[in-house]
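Note that subunit A is present in both complexes that follow, paired respectively with subunit B and with subunit C.
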Partner chain A sequence: MTAPTAERGSRRAERIRLYAQPLIVLGIVGVVLAWAFSSDLDDIEKRSINASTILSLTWQHVEITAVVTALVLVVAVPLGVVLTRRWAKPLAPLVLGIANIGQAAPAVGLLVLFFLATGWTGFWVVVLPTALYALLPVLRNTMVGLQQVDPSLVEAGRGIGMSGFSVLRRIEFPLAVPFVLAGLRTALVLAVGVATLAMLVDGGGLGVMIDTGYKLRRTSVLVVGAVLAVALALLVDWLGALAEQLLGPRGLR
Partner chain B sequence: MNGKTGVEIHLDNVSKRYSGQKTAAVDEVTMTIPAGETVVFVGPSGCGKTTTMKMINRLIEPSGGRITIGGEDALKLDPDQLRRRIGYAIQQAGLFPHMTVGQNVGVVPGLVGWDKNKIADRVEEMLDLVGLEPSEFRDRYPRQLSGGQQQRVGVARALAADPPVLLMDEPFGAVDPITRGNLQDQLLRLQSELGKTIVFVTHDFDEAVKLGDRIAVLGDRSKILQYDTPDAILANPADDTVAGFVGAGASLKQLTLLRVRDVEHGDVPTATVDDSPEQLRERVGKGSGLLLDARRRPLRWVSARDLGPGKSLRTAGRPVEDSVSEASTLQDALEAILTDDDGQAVVVGTRGEYVGVVDIDTVMTTIRQLREEARA
Partner chain C sequence: MRKAVAVLACVALLSGCGLSAGSSVPLEVKPGSIRPIPQLRDVEITVGSKDFSEQIILGYLAEFALTAAGAKVRDLTNISGSNSQRDALTSGQIDLVWEYTGTSWISYLGNTDAIPDAAAQFEAVRKADLEKNKVVWVNMAPLDNTYAFAMTKQNAQRLGIKTTSDIARLAKENPAEATFCVETEFANRNDGFPGLQQTYGFSVKKENVRTLATGAIYPAMTDSKICNFGEVFTTDGRILALDLAVVEDDKKFFPRYNAALNIRQELFEKHPEIAEVIKPIADRLTNDVMLRLNAQVDVNGKDPADVARNWLVEQGFVTLTGPVVTRG
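Our next item is the complex of A and B:
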């Protein structure tokens, strides 16, 4: 009796969160921005705390996150599909191992090493290592999602005349979607976090404000940068939750 | 939908060997499954009966031998094309949980390229056929159905593209006994309408007896121990293994295969309520007779003792407790015989009129005859 009740309770909590989370986030951002803009700013602070700088840094941050996510999706999902096919099973541990190393290594280290190795700076030096870092959750969840599909459903699909590909497209993948989305949600939040380090390699983003505020001892700049980064992570997480609600297969709940 | 739509399936020395295993999983099975008949593969678990069945639609590729379906070499066809022409129903239905009932049933017609309207009509027809109201069930998800309902949808899905052949892998294994009985009855009814060639796998011998036109009792590596009608297997198991599988009570099971109309009826003296006691007494002699009402329906058993002077036919004798019809099984008749004080079961016609009686001797003679026929 307790299990269904708990499940129903957690589902209700999930729904409340779906409405409350963006409102709370926007509220906090509003309060912090109002506080920052209304306080007495010196020249240094004004250089950071103005609409165009905040917007462009936020936009850079969003861009990094979006491209990382797209990259992760394009690489990890097909890779996860391939690695669960019977003929590619031996490769799975190898690829998972590489992805594990990618995630186990600290993001800063990965970023800086990539910068040192290539000598590049800017957008792609942030995006590529971050993508490697965020690959694992999506890859692993895609694989788990496909592996948890009841083999008798796959056999039923083949048995009534679906080709291997159409079983994948119409049965296995739709049933794995909740897992893929959960992995993607984790990857998104990771990406927002790592993107605050983009300033290390001249990649922009809200990390610039945090860095400036810290180095020049301007608390207001530091707070605005940090709050916006946190808010962005929470919003992105909310988008992920929304996607799980809307894109998950019907009939499973 | 009249006539037989099924086609013959022929297995010719079909084997399955898995690499790295010394013995074959299925060893040179040869059998013919006649068009329009239900053949049940029955045997202990692990004997290879499911493997044998799955080689027919090539979910498992045979490693040797030939399979023809309706004269066509199944091993030369594209496996996906082949399977679209063979209905497939499995244990726990195997319905796709993210598709509605309607979408599940419409999968195969979609695969073979029917247009949307035709599929929608067909889905409705199939749900109707398996006794699920289309408007109520079409848009539900499998999770919202009971086990028995899911199984019906599974059968509807298997039949949707009107395949001549239907493979059923323990389809009713996971439902409760009452639901299983209902599903079996429904399959029998469907089959009498559709006349498909059905290959049915089960480990339940009673289910095999009930559903099969023929039963193949399989032993290790799918060796055919006996392939015959349920009657013949019950009457004369080929060896001890088969006998063990048939289990206790083979004679009783056999009685479920025979109808009262198949055996000779005895006769007893009768009189109607309008006759005088003297007339009946004359006919009864020292035995007993039946008293019928004006429409010749049996009312009471009366013996000579009940017909003494001054007794009226309106109250004499004891009421007939139980009667059987021509369509009842001999097992029902035996039950009636055992509960009757005189050891006779009254047989009535469609309107309840007296037709004759069946007694214990008739039942025993019938069983003896069956055994002798089977041995011959």
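Our next item is the complex of A and C:
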């Protein structure tokens, strides 16, 4: 520790942020909702700004985000592990290339192309392309996380008679977890953002309010939809931070 | 302090760009049946439009007409988003646009229910917009770009659908076939899907209504067959290209979206001639004309400016070489 006080200070700041972030987010949501519900709404606004519509759209948004996260974890983490094994290294550039394309393509295009190609609508047409979009940060970070493990630790593990798998499970992976989680946080926030485009392919979500509000020039609808989407992104980011605190390797916490 | 100066400099730079944006009219025209008008000589007029083909074509029609009449026209067509275009007009960045009566009444003036009669709707919008926003409405065209349901001709025959009342009957007798693709906006407005069901006396289950992007509605009807009925605009060129049948709104439920000219009051009071120059053009703009012009751009990939000029030449409003002067 070269600068223990600075270190401690930044940790304290992190802890304060951990408590403050959800409170501030809930506060903002409360204020915006109170403003929207108390203002004079016309028929068109009432059709969007009512408890059941807002709840169901928010829930759709949460569902999309949750399933995207699960998919990304299930696909990207094992894939990252495999691609860092010595025998699979030649494949790494190819897979990374595909993930890069997934992220470089505009999200709107990805969603609508997927719809045109499959002819499906609804939940899965949103979830699958969004997962492809969010795959890269987790995959990349898993690989970087595993690669940065000190080779001498791996050697030592092998030296005391551990199998390749138990070295991975007990040494490499725990040390890579902070990287994986940091990637996941990025991916989650991306997923919340992309999910606002779900309305283009009958996927619902808060994008419906943003689009309706903009097109019909009903600012209250637009603002409620946008603020809720931002709040959701911040909450999800907070959950990511929480996971980093709880799941990171104990010695490094 | 230095930061503040930098920010100010940026703002000044940006607003400077905003004021000087726009370019000259892309193609040359000479007077035809539209004659040069001395009062309009070298008057600077900036024409704007929204960002879809019909609007851009309409914008060019006005630009060429005013150029032929002698004005100094600046081209600011293709402004992204209806709201930005509207703000550009009310803030004076553009002088003249084509706007739809229904759009202005519901979106800009904040009303929830439309007026069914085209002339009455125009009159109501004209009055309110002049009072509230100093925008003058003139030259309403027959062109009415309203909502309609479209379907493949195959489906129209198979299900025996000609009018929206037929759809209502189908929704009651065979609900599984009454499937719809609509936009978010349409699903939410009084003059959209909720009101339509009320007026025609039918109701559709939620799972039979898909909310899609405008462009995705067409393939959803024709290729993937997700829905039998798609919400379209009556002058969309894709109706011709995909050979779709448009379902008649037999109870005249949808609002009127007649195109008309919007001019800033300040400019209109100085130069009321602008309206006279464009009136004969507006009078000839019917849905059929607009469908054909839109299809040339959206389907055949022609340039909106070329399409607009060709039509004006064909109609004799302007010429490419100047009028042939006959002495007698």
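The rule is short, and it goes like this: the second predicted complex is superposed on the first by the 243 of 253 C-alpha atoms of A that agree within 3 Å, B and C clash if a C-alpha of one lies under 4 Å from a C-alpha of the other, contacts with A are read in each partner's own complex, and residues count from 1 in each chain.
By definition in this document, a contact is a pair of C-beta atoms (placed from the backbone, for glycine too) under 8 Å apart; a residue touches a chain by one contact, two chains touch by 3 or more.
What you are looking at is a predicted structure, and each value in this text was computed from that prediction instead of being measured.
In this superposed model built on subunit A, subunit B and subunit C occupy separate space and fit side by side. In the superposition on chain A, A:S163 makes contact with subunit B only, not with subunit C. Contact with subunit C, but none with subunit B, is seen for A:R217 once the two complexes are overlaid on the shared chain.
Once chain A of one complex is fitted onto chain A of the other, the partner contacts of A:D42 are limited to subunit C, with no touch recorded for subunit B.
Between subunit B and subunit C, it is C that contacts the larger number of residues in subunit A. With both structures placed on the common chain, the touch criterion links A:I28 to neither subunit B nor subunit C. When the shared chain is aligned, subunit B comes close enough to touch A:L175, but subunit C does not. Contacts of A:V62 after superposition: neither subunit B nor subunit C is touched. With both structures placed on the common chain, the touch criterion links A:F115 to subunit C but leaves subunit B unconnected.
The superposed arrangement places subunit B and subunit C with a least CA-CA distance of 45 Å.
On subunit A, the patch touched by subunit B and the patch touched by subunit C do not overlap at any residue.
Only residues 57, 59, 80-88, 90-92, 94-100, 107-108, 111-112, 141-143, 157-158, 167 of subunit B touch subunit A when the two sit together in their complex. The touching residues of subunit A, when paired with subunit C in their complex, are 42-44, 47-48, 112, 115-116, 118-122, 199-202, 204, 208, 211-212, 214-217.
Subunit C contributes residues 81-83, 106-108, 110, 112, 183-185, 187-190, 194, 210-213, 215-216, 219-220, 223-226 to its touches with subunit A in the complex.
Considering their complex, residues 152-153, 155-163, 166, 170-171, 174-175, 249-252 of subunit A touch subunit B.
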